[in-house]
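Below: a set of structures, written as structure tokens.
Each of the next two complexes has subunit A plus one more chain, namely subunit B in the first and subunit C in the second.
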Partner chain A sequence: MKKISVYLILLLIAIILPFFSNNFIIRFVTTIFMFGIMASAWNIIGGYTGYASFGNVVFFGIGAYITAILMEKGGMPFYLAFPAAGIGAAIFGILIGLPVLRLRGHYFAIATLGVAEAVKALVDNLEITEGNSGIYVPTLNLPVKGQYYFYYFMMLATLIGIILTTIFILRRKFGYGIIAIREDEDAANAVGINTTLFKTTAFALSGFFTGLAGSIYAYQLGFLKPEPVFTVQTTVKMIVMAVFGGIGTIFGPLLGAFTIEVISQILSNYFLVIHTLFFGVIVILAIIFTPQGIIDIVTGRKKFGMAYLMENIRKHRI
Partner chain B sequence: MTNRVKCYLRVYLFLMVTLSLILSFPIVSYAKDVIKFGCAIAFTGKYSREGKLYVDSYKLAMEQINKMGGIKVGGKSYPIEIKFYDDKSSDSESAKLVEKLITQDKVDLLLGPYTSWITIANSLVAQRYKIPMIEGGGASSKIFSRGNKYIFGTLPAAGQYFKSTIEMLTTFKPKPKTIAILYADDKFNIMVGKGAKKTAEKLGFKVVYFEKYSSENTDFTTMLTKLKSIKPDAVLVGSHLGTGINLLHQAKELDVNFPFISLTVGPSEANFRKSLGKDAEYVFGVASWSLQMNFKGYLFKDTKEFIKMFKEKYGYDPDYHNASGIAVLAVFKDAIQRANTLNPEKVRDAIAKTSLDTIYGHVEFNPNGQIKGTSVALQIQGGEIYQVYPKGSRKPIYPAPPWKKRK
Partner chain C sequence: MLLQVIINGILKGGLYALMALGMSLIWGVMDIINIAHGSFIMLGAFCTFWLFEYFKLDPILSLVFSISSMFFLGYFIQKYIINLVIRAVIFITLILAFGIEIFINNFALVLWTADVRKVQVPYGAANFSLGGLATIPFMRLFAFILAIIITTIFFIILNKTKLGRSIRATAQDLDAARLAGVDVAKTYSLTFGFGVAAAGAAGTLWSLLFPINPMMGGVLTLKSFVVVIIGGLGTMLGPIIGGLTLGVVEALGTNWFGQSFENLISFSILVLVLIIRPRGILGGSE
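And then the complex of A and B:
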């Protein structure tokens, strides 16, 4: 019970926060939510199913571009473009997942990386996306403050959506199924789990939420270009956040997104150029000392201290 | 929940809340006797090099303005201050930081970032808050295509970039007849390519080759082989520093000769000449500004004085990016003084009516916010870059000797 009340308090804080902050803080937290969604979505395929996708950004880009095209070229309102972005990304996940999820380990990682690059090249050269010169997205017709509330609560709702979905699937056969696939795919297959179906569903689910995040992102930014929305850096960021927070845990990726965004913002606030160096050092230290993610420490599952750090180092033979 | 959990949770929350508080209350100088400018620009990432050119310029212009006593509003002179943030060469990061500059640092006016697409993301935020931004680093007409009243640009329209070069071609003897146009697939160069084609056809040239290449391309073999068989009289390239160098390297290797070749980005930069050495000879370039120009200035006495001061301070030759950056602040100073207030709306109207002589040339804006103006043609001769058209310090050399006949 106590655990639930903690989450409710955090949720309450998230809901009332924008009414007490300036627009920058609202936008900043919106970005944290966005990365929280993407890291959590990556966690479904990368953390629970054990398929380290290096191309998850492709869903983000597809979601963003579907929104831009439907709104700019098709004149559709956002409430139609938004679900279309998620569904479009999910369908893409199924189509790509069927062949690509047959690969395992490094091969899967490289194939997904290739998919993202290929889609970027496609978007770069299509007429309808206006190619590399970029495409405008119609802006939301509200007063400034109203716009930020809108993006903020859309992101928050999507974030709650993915967290609840994760909790939900973990209690169903599907959740046990994908974890079984992660632990030993052949064994899972042998005990009667339809691995292809489970893997593809996990991939599509991951794509669905990432696509939704991309859709809100596009609407907020107002202008898209293939390079920044399909960049592999975004995938890397999702992975780093998920790993930093705690891979294969419900709240780990969100915690990772929050911590990393706050630290990186503060560093670049005070160190104009060398913030990247400090940031790199922090990530390396975190990976060496808490490879299970900082969630273990924060929730007190592991006792933080010299012994814990040494245990990790010994275990991973660094 | 055990005590230990509570303890760690508390420590973590405390840490993060403290950090967030630090973030929301930056150290602000509350003195209201300065005019604050804000700028989110690339210090790191892909555009850090170009970003630095603007940062250097903005800083020099700031010093110069403060040396002159600042900007006069309502009978009192205020010094200026610029708050910089690193946008990491990312559009969403840049837009977020502009948001921060406006809502948290409470800047009065905005300076632009580098490159067109980041400028667009920034300009949308400026529009939301109705705060004017002048940018010196984005030339794409897409920035000005949406009727955004709050964005002004000091780089001329990309489509006009090769206009002076093509006009120069008509003066050559024997007169070139065929033109090949290659362009990188970024917004700026697409506009350059399309604009060049239009101008060339209007002036009676035949465009025999018109091809786009990826901005990350490093291998030009296919294009060069084609050009070798087509043998155009003139080649115009919408390039970047890196692709320009690669293209020329490979042209020499494959012995593809160009009687005339001109590149957008590259020739005017010292690095281009350094890495190509003698192979950079006879290469033409375009710029909206060159070191040979001499204009009467507003912040500086004239272009010569600006170049001297700039070189003393930073140790490198300024190029058109730098000059454009100086013009941004010159226009702001002039417009604020004419408006005689810091009211963003009134400053905006004053900027729109600008007619100012700067070391960058005469600045006037089109109704859409982009500067009126064209560019000049340059050529590398004897390891140095000279303006050759219109009325430059040297005569253009045409045709260039083939690679094999060069010493």
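And then the complex of A and C:
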């Protein structure tokens, strides 16, 4: 009960926060929510199912471009383009997942990375996406403050959506199934789990929410180009956030998104030009010292200190 | 015309083979996918660029420097960073390599800025005609031959020396190698060193033929993947077969569809080969 009240208080803070902050803070927290969605979505396929996708940015990009094309070329309103983006990304996840999810380990990781790069190159060359010159998205017809509120609450709602979905599936046969696949796929198959169906569903679910995040991002940004939208660094960020927070946990990825974004923001305040260089350092340090995620520390299950860091290293070094 | 395209493809394919050699070695021995591979190629290229700009050192002589400096860089990265997480789940090393890539690329961006550079040697434009059917640029042929020679030297080291034996033993069975007295941690560091040194050599040759910039690594990493995947792991001929295949297919593809489709073609090959024959054209069944 205590746990639930903590989450409710956090939710309440998230709801009233924009009414007491300036635009910069609202935009910043919106970005945290966005990465929280994507890291949690990665967690479903990478953390619970054990298939480390290195191409999840493709769902983000597809969601963003579906939104742009439907609104700009099809004249659709956002409330139709938004679900279409999620469903489109999910369908893409099914189509690509069926062949690619047969691969395991590194081969799956490389294949998804290849898919993302191939789609980027395709978007770069297609006419309907306007290629490398970029595509515009109609702007939201609201005063500036209202726009900030709109994107903030859209991201927050989607974030709550994915967290509730995660909690929901973990209590169903589906949740036990994908965890069984992560632990031992052959055994899972042997006890009668339809591994192909479960894996593909997990991949599609991951794609659905990442696509929704991409859709809001596109509407917020107003202008898309293949390179920043499909950049592999977004995938890296999702994974690092999930790992840093704690993979295979419900709130870990969100915690990771929050921590990494705050650190990045502080760094880019102090080191304007070279803050991406420090992002590389953060990735390296986070992977070496906290491969289990910091959620155990935040929830008080483990004590932070030299012993904790050394324990992680000792476990994995040669 | 078609002959010219195929010759260009083969010549570029030799370089692709050298590019992928280091990645194949590291992957095969340690099961690490070195995402930073392209960044090491970039560092090798800029090593040559620097020596040429400031000391007027001939790019071909600078091979010695790029190979040796990249060997030590790789050795220490493995020893002090990657060896710390080597036994974690596999995607941990993958994402760690991403961190290294981001660091190296941005460091290079600070050092050399985002400008596109070129190593301009006086003999760069020389070429000869092949009986009037096709022209062969001298530098490309030279880079091709050098790439094949360096690849051969690496194979000799791997197959004929004691060090090579311990590397192969570690790849086959880590515990057995350890019982037989192989210092596994050191072998891993040396292997990574060799892999990165090969990347450095590829970078030097790349800088002779194409413009370079600090962000060129990402695409080269992916192309190295394509080559390794086509050729399959654990065979001597793998990278060479894969490199030549990619070179020729890419040359034919861009000839038909246009230059802007180059990346789309190679990444589509990557995904298709992975789906159809995940262990490579030469590799056995799963």
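One rule holds for everything that comes next: the second predicted complex is superposed on the first by the 308 of 318 C-alpha atoms of A that agree within 3 Å, B and C clash if a C-alpha of one lies under 4 Å from a C-alpha of the other, contacts with A are read in each partner's own complex, and residues count from 1 in each chain.
Just so it is clear, contacts are C-beta pairs under 8 Å (C-beta built on N, C-alpha and C of every residue); 3 or more make two chains touch, one makes a residue touch a chain.
Note that the structure is a prediction, hence the values are computed from the model and not measured.
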Open item on the list: On the A-aligned overlay, A:115 touches which partner chain: subunit B = first, subunit C = second, or both, or neither?
Closed with: second
- [ ] Please work out whether A:149 is in contact with subunit B alone, subunit C alone, both, or neither, and reply first, second, both or neither.
- [x] neither
TODO: Once the structures are superposed on A, label A:176 by its partner contacts, choosing first (subunit B), second (subunit C), both or neither.
DONE: neither
- [ ] Using the superposition on chain A described above, determine whether A:240 touches subunit B (first), subunit C (second), both, or neither.
- [x] second
- [ ] Look at A:269 in the shared chain and tell me whether it touches subunit B only, subunit C only, both, or neither; answer first, second, both or neither.
- [x] first
TODO: Check the residue A:100 against both partner chains and state whether it touches subunit B (first), subunit C (second), both, or neither.
DONE: second
- [ ] Pick one for A:124: touches subunit B only (first), subunit C only (second), both, or neither.
- [x] both
Open item on the list: Per the contact definition in the header, classify A:281: touching subunit B only (first), subunit C only (second), both, or neither.
Closed with: second
Task: On subunit A, the residue positions that both subunit B and subunit C contact, one per complex - done: 124, 273, 276
Task: Residues of subunit A that touch subunit C when the two form their complex - done: 46, 52, 54, 99-100, 102-103, 105-107, 109-111, 113-115, 117-118, 121-122, 124-125, 232-233, 236, 239-240, 243, 273-274, 276-277, 279-284, 287-288, 291, 313, 315-318
Open item on the list: Considering only the defined contacts, which subunit C positions touch subunit A in the complex?
Closed with: 27, 31, 33, 81, 83-92, 94-96, 98-107, 110, 184-185, 188, 218, 222, 225-226, 229, 260-261, 263-264, 267-268, 270-271, 274-275, 278
Open item on the list: Which stretch or stretches of subunit A touch subunit B in the complex?
Closed with: 2-3, 6, 21-25, 27-28, 31, 124, 131-134, 136, 139, 144, 147, 217, 221-223, 225, 228, 258-259, 262-263, 265-266, 268-269, 272-273, 275-276, 297-300, 303-304
Open item on the list: Can you tell me which positions in subunit B touch subunit A when the two form their complex?
Closed with: 1-2, 4-9, 12, 16, 19-20, 22-24, 26, 43-44, 84-86, 88, 90-92, 95-96, 99-100, 102-104, 117, 120-121, 124, 128-129, 140, 142, 146, 185-187, 190-191, 214-215
